[in-house]
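Same chain, two partners: subunit A is paired with subunit B first, then with subunit C.
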Partner chain A sequence: MVPLPLFLPFAELEVGQHLYWHVGGFQIHGQVFLSSWLVIGALLALVVAGTRNLGRDPRGVQNLLEFIWAYLRDLAREQIGEKAYRDWLPFIGTLFLFIFVSNWGGALVPWKLIHLPSGELGAPTADINTTIALALLVSLAYFYAGLSRKGFRYFEYYVEPTPIMLPFKIVEDFTKPLSLSFRLFGNILADELVVAVLAFLVPLVVPLPAMFLGLFTSAIQALIFATLAAYYIGEAVHEEQH
Partner chain B sequence: MDSITSAASVLAAGLAVGLGAIGPGIGQGSAAQGAVEGIARQPEAEGKIRGTLLLSLAFMEALTIYGLVVALVLLFANPFA
Partner chain C sequence: MTSWLLLAAAGAPEGGLFDLDATLPLMAVQVVLLTFILNALFFRPVGKTVEERESYISTSRAEAKQQLAQTERLETDLRQQLREARQQAQATIVAAEQEMDRLYRSALAAAQAEANGSREAARLEIDSLRKQAEDSLNAEADRLGDLIVTRLLAAQ
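Up next is the complex of A and B:
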């Protein structure tokens, strides 16, 4: 770990430094835990506020929630297909909302005002452990989707269209979570680093375009993660038309 | 970290991002070319083309990001340090 020589209080880079908590025999990155729970709390508060007084004409928060729901339903239906998308809409929706709010929360909330003994608060998705956990969940989900829908006929997918594809399909099962997790982690960390380096060089105005670009890519990355998760599940439950 | 390891790590970090940017650069160029041609031929499909283009650009960008992840590991969490 190389401590970078950046001393401005609002442009400090602390990659690879964590607030360690010891739980049982495990080391836990405390700052990621704190910010994930803040994200989960914010999402819960939003949903509870939006569903307390349900009206026939949606307005305010309820309107926003219905818009998000319709958007996610279209996404899941497009990738998974008419038959199975209802079972997987909650999973896809949760992934999208958690990643989206994490990314934007990391970029928009001035976490620097909260001082931790070590490490810093930020987007939970800028930590590789979070993204690998999410990606492995997606792996489990598509195996479960395929096995529960088709039983052992699911493994026919590995030898279609020819058995020559078998090794590639097996390798694909490992590269899917790898690329999912690295894509999200790299993009979010890269956004934070670009903003931090620019803010170190020129503290005023100049980092703003990079921040807007960061918000844009964060949203796109959340969309990509959810789309790919839905696509993998759709691939697993897809029935060949004979 | 001894000096030869840190020198090699910094060099490798630069190469990882630099070489990793070549392929996706070419790919994004040809994707944008296709999108512009599509919009010129069918201006009414611009919204749909833009959405697909942005999604595919982000996929290509991920390839450079893999190089960046390798570079970041070398700089901040070097296993050989």
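Up next is the complex of A and C:
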């Protein structure tokens, strides 16, 4: 997977190389955590700068934060419904912001300037561990949402509208996190690879359209992930009209 | 997909695209922590601010609407009063005009009656004077006639 037949002096592609840290006998991917801390730091800096003096008349960064808040609120309210969206807005919003800033950070920050002993920095979402973690959190979230709102009546959802749906709905519980994680992982990794390959072949100008496409894809992927997460939660808390 | 997975796992025990390790749970914990931090720092305060503003706007709008309604009510009320006052003034004017007319007519009638009365009195006086004069003239004429008759008779 890793070695490419060409060895040119100015650019090389590294796929599947990781900077391993050993924490208490476990291996973790250091480059993922480094870039995710940068992402989280950027998010927190923005949030702290914007909420330092909240006022009734918004000014400066508060406008941006309120815009983001309203956008996420609309997303959550549309998918989850008027009754339950307040509980899940922070989760959906955090997913969106984390994925969005990760994706754009991976595309916009010149990580190549920082040399690591092994592997390279990039979007945290280009690592399968991150996306599976996020997808499993979504699974837990919708199970928790359904069970906490409806108790064991939640499992009626598996036999509605007919019991024939039971095997499909069970399979869905596995395909949901799988598709969520692989969609995000694949898109972001593919975008980074395309840009890297183009930059490897033609270092000037030619990768630019792919980079812009990558920014677009990154934003769309964050929106898709957050929307699907909200939709699954909404499906779990949805009350059938009897 | 399967062969690729196997290849990635078998070909590179240290590394590979699908290298799952402790990064996964730690990342999950990190995201959950981020959710709580962002909830405390971002979603709750911003949501509170926005909702406070929305309620402020809706209450101010309701108040403004109420005031507008009150103003309109006052306006119609005042218009009504104005109309009534105008009508009253009109009625007063008409009444005054009628009163004046009546007074004029009665004064005129009184003056005419007085004039007629004094003319009548004057006529009566004139008549009586004329009658007197006629009577006295007649008496004088009778006397003179008698005198003429007497003188003629005496001269024969």
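Convention: the second predicted complex is superposed on the first by the 234 of 242 C-alpha atoms of A that agree within 3 Å, B and C clash if a C-alpha of one lies under 4 Å from a C-alpha of the other, contacts with A are read in each partner's own complex, and residues count from 1 in each chain.
Rule of thumb we're sticking to: a contact is a pair of C-beta atoms (placed from the backbone, for glycine too) under 8 Å apart; a residue touches a chain by one contact, two chains touch by 3 or more.
Since we're looking at a predicted model, the values are computed, not measured.
Novice: Mind working out whether A:44 is in touch with subunit B, subunit C, both or neither, as first, second, both or neither?
Specialist: second
Novice: After superposition on the shared chain, which partner residues are touched by A:215: those of subunit B (first), subunit C (second), both, or neither?
Specialist: Neither partner.
Novice: Going by the contact rule stated at the top, is it subunit B or subunit C that touches a larger number of residues on subunit A?
Specialist: C
Novice: Once the two structures are fitted together, what part of subunit A is touched by subunit B and by subunit C alike?
Specialist: Touching subunit B in the first complex and subunit C in the second, residues 1-2, 15-16, 189 of subunit A appear in both lists.
Novice: Given the complex with subunit A, which residues does subunit C contribute to the contact?
Specialist: Spelled out, the residues of subunit C in touch with subunit A are 7-8, 11-12, 14-28, 30-32, 34-39, 41-47, 49-50, 52-53, 56.
Novice: Subunit B touches which residues of subunit A in the complex?
Specialist: Counting only subunit A, the residues touching subunit B are 1-2, 15-16, 179, 182-183, 185-187, 189-190, 193, 217, 220-221, 223-224, 227.
Novice: In the complex of these two chains, what residues of subunit A are touching subunit C?
Specialist: On the subunit A side, the touching residues are 1-2, 15-18, 20, 23, 26-29, 32-33, 36, 40, 43-44, 47-48, 50-51, 54-56, 58, 62, 65-66, 69-70, 73, 89-91, 93-95, 97-98, 124, 127-130, 132-134, 136-137, 189.
Novice: Of all residues in subunit B, which touch subunit A in the complex?
Specialist: Residue positions touching the partner: 1, 6, 54-55, 58-59, 61-62, 65-66, 68-69, 72, 75-78, 81.
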